[in-house]
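Here the chain labels run A, B, C and D in written order, and each chain numbers its own residues starting at 1.
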Amino acid sequence: MLEFFQQAVNGLSLGAIYALIALGYTMVYGIILLINFAHGDIMMVGAYVGFFSISLLGSNILVAMIFAMVTCAVLGVLIEKIAYKPLRNSTRIAALITAIGVSLFLEYITIFLLGATQRVFPASAFPAKYYNLMGIVISNKDIFIIVSAVLLMIVLHYIIKRTRTGKAMRAVSLDREAAVLMGISVDRTISVTFAIGSSLAAAAGVLVGVYYNTINPLMGIIPGLKAFVAAVLGGIGIIPGAMVGGFVMGILETMVSGYGSSLYRDAAAFGILILILLVKPTGLFGKNNGEKV
Amino acid sequence: MSLLEIKGLNKSFGGLSALLEFDFRLAKNELIGLIGPNGAGKTTVFNLITGVYKPDKGKIIFAGEDITGLPAYKICRKGVARTFQNIRLFNNLSVLDNVRIALHKAVSYGLLAAVFRMPSYFAGERLIEQEALRYLEIFDLADKKNEIASNLPYGEQRRLEVARALATRPTLLILDEPAAGMNPYETQELMQLIRWIRDDFNISILLIEHDMSLVMGVCERIYVLDYGQVIAEGGPEEIRNNKRVIEAYLGEEVG
Amino acid sequence: MLEVKDIDVYYGAIHALKKLSITIEKGKIVTLIGANGAGKTTTLKTISGLIRPRSGSITFKNVDITRTAPEKIVAMGISQVPEGRRVFSAMTVLENLEMGAYLRRDKKEVEMDMEKVFTRFPRLKERRKQLAGTLSGGEQQMLAIGRALMAQPELLLMDEPSMGLAPLLVKEIFEIIQDINSQGTTILLVEQNAHMALSIADNAYVMETGEIVLQGTAKELMNSEEVKRAYLGG
Amino acid sequence: MLELAALTAFFMLVQYMITVGILNQYYQINLTSMCINIILAVSLNLINGFTGQLSLGHAGFMAVGAYSSVVMTQMLGQPFIIGILAACLSAALAGFVIGVPTLRLRGDYLAIATLGFGEIIRVVLQNIDYIGGPAGIVGISKLTTWTWLFAGTVVSTLVIVNLINSSYGRAIISIREDEIASEVMGINTTRYKVLAFVVGALFAGFAGALYAHYFYIIKPETFSFLKSFDVLVMVVLGGLGSTTGAVIAAVFITVLTAALQTFPAVRMILYALILIIVMIYRPQGLMGNREFSLKIFG
């Protein structure tokens, strides 16, 4: 039983990271119906920005995170303007192929510029401490990851529920034409969505650096895909769904590694994806709406 | 005996009832119109008959067979063909290919004959092409057979869609707003064409139309739908003077 | 106030509006009637800037708005109650109304206008925390009207406000339209329900396949055989 | 007839150049990659281009084919032809098993599901000790000859071209054009989607067998989704729905890959740019859906 709770706690911090990434997927999908395949790679860029601001500028982890978030917000907006906006009226498949292109581009331009080698996230940024809570070991890293992820989610929730911009985002995703009739600028709203989604991914990137201690240019692929699965699990386009989906994925993953074989951990994620797509493609929290003829 | 008989058909979308206890009969060789204000549920009826949607409740009997809930391709194979309100051609394909695809259900050679180019393939392809050209000629589109469908002018796209539907050799043809976007002159032509198709192909036709002159001029019997229910049924003259119909269309007389 | 002059609109191969002209004077209710597919909704969408005409011009208060972005047009004082209501279903009644006032910065006045909407539609006030998607058809229509009013329009475009509503509700909606107009908002009303529309309008246009086939005062058209023909065929 | 003569002459010429050693090892490797890439691109194009169903799992089927052929030839001591048949059949079966449930999904969901299945295939291969687990199988005898490559490429291309230019092919294309209209025209769209998927998978398996018996070693890592993306680049560049385009793009990408062998990152950056730029500026690809005619039995 103790073992089970230990695994759950381990899964919680991983799940928090997935949830942060999944939020970006779900927000972008909600507003332009695009699976932003490059989202995981934006997370990777965030991790690198965080890495360099700690190792070169000597900033502390919070400053590094903010730095990464700002950089990636700009990057996300640029990607949308350059690669996705021209395709807004094309098929969704064309947009998806472009997104795959952007993903490959980010991965390999990073390899080209910085090399493919793994880098060790500076341990000085985060000296590890462990606490024992009734037999369950929890590290200060876990606490940091969970707390910062939850804080960011609260901020996001506030933005979306309370602010004018957040409401405009929801309006555009619900009915773009009606939103235009309210005087909402769709272009601007889409940009804001990319900025927020990408900055959350950047924060997740720094947290991944803390969690695994290492970063590399291809580090975004697998967490990106798993976060995507989390978004689908919760019902893509649905924000609370992404949060729940993220935590479920994280906990499931540690359970599979803990009780089964870690070799199957990635396959399990895809298995869940396919199961969800086949059984309830709208996700746990999604509603059904068929194609109109 | 009626060719198509619908009993107590119901369909709702997200709790909103689009069609309520819809009853309908159509005899062999009849030409029937289905009219009603926007959102009355007319296209829903078509989508249910042709299997694009599945009904929540009710029965659709076609030629004595229950076709309720069958997939669309099976319903087509039983002899129901249709056109769409917003024209759904195979846009990037040639005019000829559009009609040839409709003839696929009667293809006379097998998959392996196609892949290994056996004699039956060539014979079958010739047959399909001749047949397709025949339909194109009827609709005066034969000289455009190599044109890409989306490049045709609007009126010809409408005609091609009808040609394609007829090529599936239906016993019932369903036309969803065939006159939409046509000028009065083209509408006149269309009226004659519809009558002619019915007589020449010896089939039944059911049409939704907003252009009342077309419906009144060509249909023998008309069903009027409002809020998903039939509010009137009868010949054109009857319908024109029916109080409920006038209300549904012009609104209640005020004062 | 609004001058639509010779506009041509195409959807791909379809010539949807053909040299269409409409004039609306300040303070009036003008109605645009005609059968389905005649191009009424297209006309409204073109005025709101959602569709660009290929030729012709639209001027509002003597400013050319033919190529103006939709959000600027809203800011200039034209708002629309779209066909089928189009409320933001997963947002609350209150949020929907806030969206109507999206471009406004005068918080106090917005509050006041909100109160006005609630006085006009008490049922919306009761349900202000409810999601718009859970409202009945009539309530959604009221919300759509209230939302459009929150933009403080000088010209209100209404697309089939009676669609899909029970006769009693239709009557109520039309009374509301008259009331809005009497408080100074000019209205362009697109309707299928010709009798109702003509009964409250000052001037009217009848459309058929993208063209204006008839125009005049509402009284003239009310008794016209032509109007009946346009709807039920000759 | 002329085309047949030209193809035969080409075959003889290359065979001669190999025999006398004009084409050295380096060129032969690239020639092999070229043929395999053509088979992969043409078969993926059947699914992505003609049927309009975006599949990102092609490498998975290639893996199934590669492994089953190697099991046949290396572990069970069967002749190469049996290995190839096993590759085709097992990949086609995998295509069927995966296609039936997933092809109900639309557009981007299908893409992700196929990507997931491709990865599951890879992970499963990694976990089977009998076939070497993550390390794969080493020391596969080199049975893929120029004759096999040439015949394989020609047969794959011809079968797909012939399929497309038949009533069955038109049924398949109509799904891409408008699935609902197609269904209403009496076409069992599910059946034809699965057919295209199975045929596409079959040839991917074939390509896998040829690959395994030329390059000496196979491991699950080789068949990750990056390999699927490679093929996708070819199909997109050549034009979704043009077999000629797929062939030309496969040749071009192979040459490009060889030229950039020492700069792998640059190669991938170019791939990425190809995907983005083609989709934005020329979504129909180099060839659109046009074809050069290739009539051999016609």
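Here is the rule we go by: a contact is a pair of C-beta atoms (placed from the backbone, for glycine too) under 8 Å apart; a residue touches a chain by one contact, two chains touch by 3 or more.
Predicted, not measured: the structure shown is a model, and the values here were computed from it.
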Mutual neighbours - chains that touch chain A and chain B alike: C, D
Identity of the chain that, by mean CA position, is farthest from chain D: C
CA centroid of chain B to CA centroid of chain D, Å: 41
Between chain D and chain C, distance of the C-alpha-averaged centres to the nearest whole Å: 55
Gap in Å, rounded to a whole number, between the CA centres of chain D and chain A: 33
Two or more partner chains touched - positions in chain A: 293
Per-residue overlap in chain D, given as positions that touch at least 2 other chains: 180
Where chain C touches two or more other chains, by residue: none
Touch list for chain D against partner chain A, complex: 52, 54, 56, 101-102, 104-105, 107-109, 111-113, 115-117, 119-120, 123-124, 126-127, 180, 229, 232, 236, 265-266, 268-269, 271-276, 279-280, 283
Residue ranges of chain C touching chain A (in the complex, touch as defined): 48, 50, 69-71, 74-75, 79-80, 82, 86-91, 95, 98-100, 102-103, 147-148, 151
Chain D contact footprint on chain A (complex, rising order): 34-35, 83, 86-87, 90-98, 100-105, 107-109, 111-112, 116, 225, 228, 232, 261, 263-264, 266-267, 270-271, 273-274, 277-278, 281, 291, 293
In the complex, chain B residues that touch chain C: 37-39, 152-154, 157, 177, 180-184, 210-217, 227, 240, 245-246, 249-255
Of all residues in chain D, those that touch chain B in their complex: 159, 162-163, 166-171, 173-174, 177-178, 180-189, 195, 289, 297-298
